[in-house]
Amino acid sequence: MPGTLTDIINYVIQTALGVVGLDYARVPEMLRIGAAMLIACGAMLGYVAVVALFFGWAERRVAGRIQARQGPNIVGPFGLLQLIADAIKILVKEDIIPQTAHRFLFRLAPILVFMGAFAPFVVLPFSETLVVSNLSLGVYYALSFAALEVVGVIMAGWASNNKWSLYGGMRLAAQMMSYEIPMGLAVLTVAVLSGHLNLRTIVLDQQGYWIFSWNVFRGFPWAFLAMFVFYLAGLAGSKRTPFDLPEAESEIVAGYHTEYSGMRFVIFYLSEYATMYVVSALTAVLFLGGWHGPIPHVLAWDGQVHWEAGPVLSALIGMVNMIGKSFFLMFVMLWFRWTYPRVRVDQIVYLCMKVLVPLGIICLMGASAWALVW
Amino acid sequence: MEAKDICEILMRHLPDAVREFCIDTADPYLVIEPTCISDVAAFLKNHPDLQFDMLQLITGVDRCQSFEVVYHLTSLRFGHSVTLKAMILHDRPRIASIADIYPAADWHERETYDLLGIVFAGHPDLRRILLPDDWEGHPLRKDYVAPESYHGISNAPQ
Amino acid sequence: MSNQVSAFIGYWKTAWRAVVSSTLGLGVTLKHLFSRPVTVEYPKALPEVPEGWRGWHAYESDRCTMCRLCEQVCPVQCIRLEVEGKGRERKLVRYEINYGLCLFCNLCAEVCPTACLWMTADWDLACYRRTDCTIRFHETDPNEQRQRLWPGMKELPARAPKKPREAAPAEKAQTP
Amino acid sequence: MVQSLKTDEILVNMGPQHPSTHGVLRCLLKTDGEWVREVWPYIGYLHRCKEKIAEKVSYIQFMPYTDRLDYLASANNNLGWAMAVERLTSIEVPERAVWLRVLAAELNRIASHLLSYGTFGMEAGAFTPFFYGFRERETIVSIFDQLCGARLTYHYARIGGVMRDLSPETAKAIRRFLDEMDRRWVEYNTLLSDNEIFVRRTANVGVIPADLAIAYGLTGPVLRGSGVAHDIRKAAPYACYPKLDFKVCVGEGLKGTVGDCWDRYWVRMLEIRESVKICRQILDGLPEGPYQAKVPRILKVLANEAYVRTEAPRGELGFYIISDGTDKPWRCRIRAPSFCNLSILNRIARNCLVADVIMILGSIDVVMGEVDR
């Protein structure tokens, strides 16, 4: 059975080339891996774009309905194509760089931000087989790349040469730096419980008795609390209400992307949704059983496998489960955004240092004790 | 307390300050010596039976030959109000500021200065407030003529 | 010591309040998520405008006595009236209202002794050029003018739907 | 280490184009990082010199101009101007007209406070309250559609009466709205007033002690939020208010100190409820009779002067008119509550965070049309 998405792609290419009579095995291995990686990343990039477009629509639609109005409903069925229309509009817009901006950094910033948001997709497993790269330090990789976003945002804030942008950048830096601590603690809780940092193995570990083998219930109450710590910290990391200080409209206009327009603005927009998805997907993977659904496609009620779906069906079911969970968690983010006011800059640090970090430490200690006992 | 009683108290304590007590208008008013305005304001504010703690309004009125500066004071404690008027010369529109007694006077005096050109001596920050700093003239004066244009923006009716 | 204890209790109280109030708030928005929107889609569904709306003027030159009261009462002088001749020979040569200035205060309609000027329920007042804001009621057909400027606009009623002077007896008192 | 870091105070322009400066207010902030050391408000971007206009148009013609002072509460402005002119001319206003004016003013007060609720929520970062506030405000606006035919600049009260009588259908619509409002009010509080994040943002922020509030001439919910029970409707009753039963709401420091932003906000919320009560009483006790007194078409006012004050949603709205025997005032001075309320900004918004400045500004609830006149 193939291990990861790249293996599958290689397998498909090999078979396809085999049909026309070419031997793919003769191509150097580096090239083969590279080609497979490229295709996989392209697929992921497409996926990110689709997710961002869909949630761009969903956000407006959900906001509309929550606020007793219609939301987009003209372009396409339920207004689904609204974001595509918007994308086309934005693409033809003039690309403005302020005269006093640092041109190079101004251009570089959105790319860095997007890199930071996109990189974790490489290790997100959609099912047992559907993962681009099965890194053994998957969680670590995801978290560390998220930090790249900070650099990009500070760069954007500084290069814009606008005081509000600078405020946004500095706020985000303070916020993301501090929220990586509780995030790390929550991840460590899971790592202690399952003994791995590989996302695929973490999910495989949660296989078993219906939903009670998921980390969130298996490690009750520690993992349960850790999930909230992780989700809230992720919310802060993806700059969503109530932690949207870096782009607080009513205070600092639009924060670090005040001066951005057109395509560059879209990249910021895209990366926000990408980060949201990463946080949601990581929460699903770490705590909510990843691709395991409430109805398991691997039935093992007494430790012995009684029924297992075939590899293709299994991958499909897993993907549906995984995307469903991530989308639900993203919906919760939207729901939060249209319900809550924003916290203040001192309160966001208070919440991190005096609530989430202690809670994270308690979770970690509790989980360690559990790991020792069992 | 009626305006008459307030006038009596004021006359008893500051006999030189009150010039006239006028009751033939809908709201009676006291005409006071412009030089005494600070004393009168401080007295009205601090007298235990009066306690005019709130300044509602400062108005400048262009009477062509002179300016009137009108002060509306009220007491939240007792619920009574008083109107003070000070007549000043048109050529030398100058009166003491009461911003140190009533902080509310700060912006009112600035506005009166801005729109009528009455100078409040001792005001901490007497600048134009509603009009731009480089505006010429004081629009609420009766002899004011609106400029044709301002920084190239035409003022002509369409 | 007691300070620390109360701070500790306060911390947990706040945490509890935060959790409870946040959950209740989510309930409110969730309820709205599944209830009907209250807005209408403008070009498809037009707002219902009640009778007596202060929109466009309607003007009937037949009934007009050219008394110029509307011109005098207008706070912004947006009504322009030109009359030629004298006595019985008087003829209206110009009657125009500049909607760029109009306050829609209804004073002109109230003051009109023959109720030949009144305000209608037409509310769609946008136009593209400033010069288009002036409607010339003396010209052939104001309806046509408006149709040209605002395609798809409703036809104005030919006569006043209700004569304000008869409908509001108390207003009679206003005329000396 | 920390001392050796070089930091600078920077000056930041907030406005005149800024999402939460309520139109065109410009604030100059002296900031030290996130801390704001001082705030200087600069006003006048919407200045139209209404007081000069008043000298150029007649008493009757100035009425529509008062709509444009505090454009969120034009019925209250109309009421103030009408009362001021009537005071000078001794026109007897029919009883029904008095009640109808108060009805319009109280409905307008609800509308104005609803908008304030919405924008204050928005400034705190919550978007949804804005739409809920506007939803109910829209109902009021539709009621005004029926009442006077306009949605924002009502021009409803006239000198000597009101423009139109209240029709039974409109009365029914108002009653329906008042019942709806009672239900929504609870929902508003669940969504925003009691939300812990919101409370933490507003409680103990921008505290105005009572004596400072009085010294700066603050009025309306801003003064009452500081615990001073001063309401002109009670202190110097006018129109039909003596016959109505309502309460003066004051800030009690429920969530923090008396006089903080939350208190000012809460006073507005309570006033919505009181106004609903007043509107019900008016609908129940509306006297019959004419709604417009006989007023000459050219209204000449003998030389006289009067200062008439009313309680507008934002505080004491005063018209000081000096007449000279013609049909135009010699001098008209408008005491705009927002103008006086805004003057305290520099005093209280010191050594607070950038986010606090926004909340303080929002809780003062200025309307620039009135500040700049």
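As written, the chain order gives the labels A, B, C and D, with residue 1 at the start of each chain.
Please note the rule applied: contacts are C-beta pairs under 8 Å (C-beta built on N, C-alpha and C of every residue); 3 or more make two chains touch, one makes a residue touch a chain.
What you see is a predicted model; the values in this text were computed from it and never measured.
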Farthest chain (mean CA position) relative to chain D: A
Chain pair showing more contacts of the two, A-C and C-D: C-D
With chain centres defined as C-alpha means, what is the inter-centre distance between chain A and chain C in Å? 50
When the centre of a chain is set as the mean of its C-alpha atoms, what distance in Å lies between chain C and chain D? 22
Could you work out how far the Cα centre of chain A sits from that of chain B, in whole Å? 64
Chain centre separation in whole Å, for chain C relative to chain B (CA means): 39
Find every residue in chain C that makes contact with two or more other chains and list them. 22, 25, 28-29, 32, 38
Mark out which residues of chain A touch at least two other chains, giving numbers and ranges. 66-69, 338-340
Can you list the residues on chain D that touch chain C in the complex? 57, 60-65, 67, 128, 135, 138, 145-146, 148-150, 153, 155, 161, 163-165, 187, 190-192, 194-197, 199, 290-297
In their shared complex, chain D is touched by residues of chain A numbered 63, 66-69, 163-164, 167, 170-171, 241-242, 244-245, 248-253, 337-347
Once bound in the complex, which stretches of chain A touch chain C? 62, 64-70, 73, 335-336, 338-340, 354-355
Name, in rising order, each residue of chain C that touches chain D in their complex. 14, 17-18, 21-22, 24-25, 27-29, 32, 38, 49-50, 52-55, 69, 73-75, 103-107, 110-111, 119, 168, 170-171, 173-176
Report the residues of chain B in contact with chain D in the complex, numbered from low to high. 25-27, 29, 53-57, 59, 61-62, 70, 72, 76, 79, 81, 83, 102-104, 106-108, 111, 115, 128-132, 139-140
